Amino acid sequence: MSFLGRSGAPSGSVNPERVEMAMQELDMVTDVFNRLVSSCHAKCISPRYAEGDLSKGESVCIDRCVSKFFEVNKKVGEKLQSMGAGQSGTQSAFGSL
Amino acid sequence: MDFSQMNAAEQAHMSKVIEKKQMQDFLRMYSNLVERCFNACCNDFTSKALSSKEEQCVMNCTDKFLKHSERVGARFAEQNADAMNSTAGK
Amino acid sequence: MSFLGRSGAPSGSVNPERVEMAMQELDMVTDVFNRLVSSCHAKCISPRYAEGDLSKGESVCIDRCVSKFFEVNKKVGEKLQSMGAGQSGTQSAFGSL
Amino acid sequence: MDFSQMNAAEQAHMSKVIEKKQMQDFLRMYSNLVERCFNACCNDFTSKALSSKEEQCVMNCTDKFLKHSERVGARFAEQNADAMNSTAGK
Amino acid sequence: MSFLGRSGAPSGSVNPERVEMAMQELDMVTDVFNRLVSSCHAKCISPRYAEGDLSKGESVCIDRCVSKFFEVNKKVGEKLQSMGAGQSGTQSAFGSL
Amino acid sequence: MDFSQMNAAEQAHMSKVIEKKQMQDFLRMYSNLVERCFNACCNDFTSKALSSKEEQCVMNCTDKFLKHSERVGARFAEQNADAMNSTAGK
């Protein structure tokens, strides 16, 4: 999640801007984690719920699912960076503001 | 949205708020994109590495989603402007 | 999105109430936009992802989809206003508070 | 929810918070309703105008969803009150 | 929703901690209510929308659906408490922080 | 996430924020779990009481979801640490 590449800033009292950025990063990590849990649950967990333990197959699937999700996260991040995104898509909603 | 009813101090405050919101919206769009393209493109978990076919799918999915959002955004802005004008005309 | 019909209020220093209302309206516009993007993606975009460009058919579909979504937004807004909503439905959750 | 453990100042503060939250909840319910009824009723994009059949569907969908929410709300309040009483009885 | 079992705390001026907790509980009730509305809509409401009134069958279904949802809420709450949850699952996302 | 660039005051502030966030995340996980297991296990509305079969399903669903989250969390932490190290190495 080092996609945002914040530059280090040193010492002193509470800098609201720095705290704000850390909180945004924290929110993002939580958001990504929740989506990851949900996606891998849909991909790997049998919806019959005949027992409460993860089967061997489910466990292996989860491990691979997390790996692939991280790879996808990286690819999408690189793609967005290469496009200088943060500019297009999102802002267009505010074109009329 | 019409900010003309606001004074300068309020408009400056809103600009900061909007800027911060855009950052948050961008981050949400990013993780939404990852989730969406992962779900659409990755269905084989016999391996932990992304296949070249899956990778191509993810790239196309990302590309297409951004173009889609941009187009929707453009139409949205037009419709919003129309709605604004017809309201203002009353 | 002029559904809320806020009355104009003039001049001075930052009025927290007015800023709050503008922020609520901004949140709402963003929320509507995100739902619009998601709905029209589901309606118009083929999930095969054989290429990264929008096809002609997809592009036309998006334009019509946005138009229809706005019409639905308008119809639902009129319906809610005619019912004097904001009163019923939502508040019932708080009946026991 | 039991606010009786709060003092007057806190209760007043909570009332304002709840009022603001109700506005936000209403706005979310509104856009949720638009999304839900659009998705259920609009499946033909050979035209950009809403057909009369689609419009009727949207009106019924809106109507029904509000009645549904109201009924769920009434049952929810009852169940919540029951849960409260059985807790208080202990 | 008394799952959280907050202990009563008395008198004075606004205690930010107590208000904060009440707000969290309020957010949770709203969140649960919204999920309940959505789940029971999916379970009970026919998606044809031939008329705007709830049918008799739909109404009965809603009542039972809310009951069952509350029972599930209770069972899950008991299960989480018996596991001393709030510790595991959620925090693991923050293992690397 | 790397908080080492923060000073002590900022780190203390972040700890409080994270603690509050964990409570919120727990509550969201709880209601998400209820919704998920209700949707997966309850499909018969000819009765208002949970059948023993439905109850067993809900218990297994809860159990399994928590174990799933824990495993995803463990892998997530490893991957995050790897990503951190490869960034730090540059």
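Note that the chains take the letters A, B, C, D, E and F in the order they are written out, and that residue 1 is the start of every chain.
Keep in mind that, in the parts below, contacts are C-beta pairs under 8 Å (C-beta built on N, C-alpha and C of every residue); 3 or more make two chains touch, one makes a residue touch a chain.
Here the structure is a predicted model, which is why all the values come from computation and not from measurement.
Among the other chains, D has the CA centre that is most remote from the centre of chain A. For chain F, the chain with the farthest CA centroid is C.
In this entry, chain D maps onto chain F through a rotation of 120 degrees when their C-alpha atoms are superposed, rounded to the nearest 5.
Centroid to centroid, with C-alpha atoms defining each point, chain B and chain F lie 26 Å apart.
Inter-chain centre distance (chain C to chain F, centres taken as mean C-alpha positions): 30 Å.
Across the assembly, chain E contributes 26, 29-30, 33, 44, 63, 67, 93, 97 as residues in contact with two or more other chains. Of all residues in chain F, those touching 2 or more other chains are 1, 3, 18, 25, 41, 59, 62-63, 69, 72-73, 76, 80, 84, listed in ascending order. For chain B in complex with chain A, the residues that touch the partner chain are 1, 3, 18, 20, 22-35, 37-39, 41-43, 45-50, 54-55, 58-59, 62-63, 66, 69-70, 72-74, 76-77, 80-81, 84. If you check the complex, the residues on chain E that touch chain D are 1-2, 6, 8-15, 18-19, 22-23, 25-26, 29-30, 33, 36-37, 40-41, 44-45, 47, 49-54, 58-59, 62-63, 66-67, 70. By the touch criterion given at the top, residues 3, 20, 24, 27-28, 31-32, 35, 38-39, 42-44, 60-61, 63-65, 67-69, 71-73, 75-77, 79-80, 83, 85-86, 88-97 of chain C touch chain D in their complex.
On chain D, the positions that touch chain E within their shared complex are 1, 3, 5-7, 9-10, 13-14, 17-18, 21, 25, 40-41, 57, 59-65, 67-69, 71-73, 75-76, 79-80, 83-84, 87.
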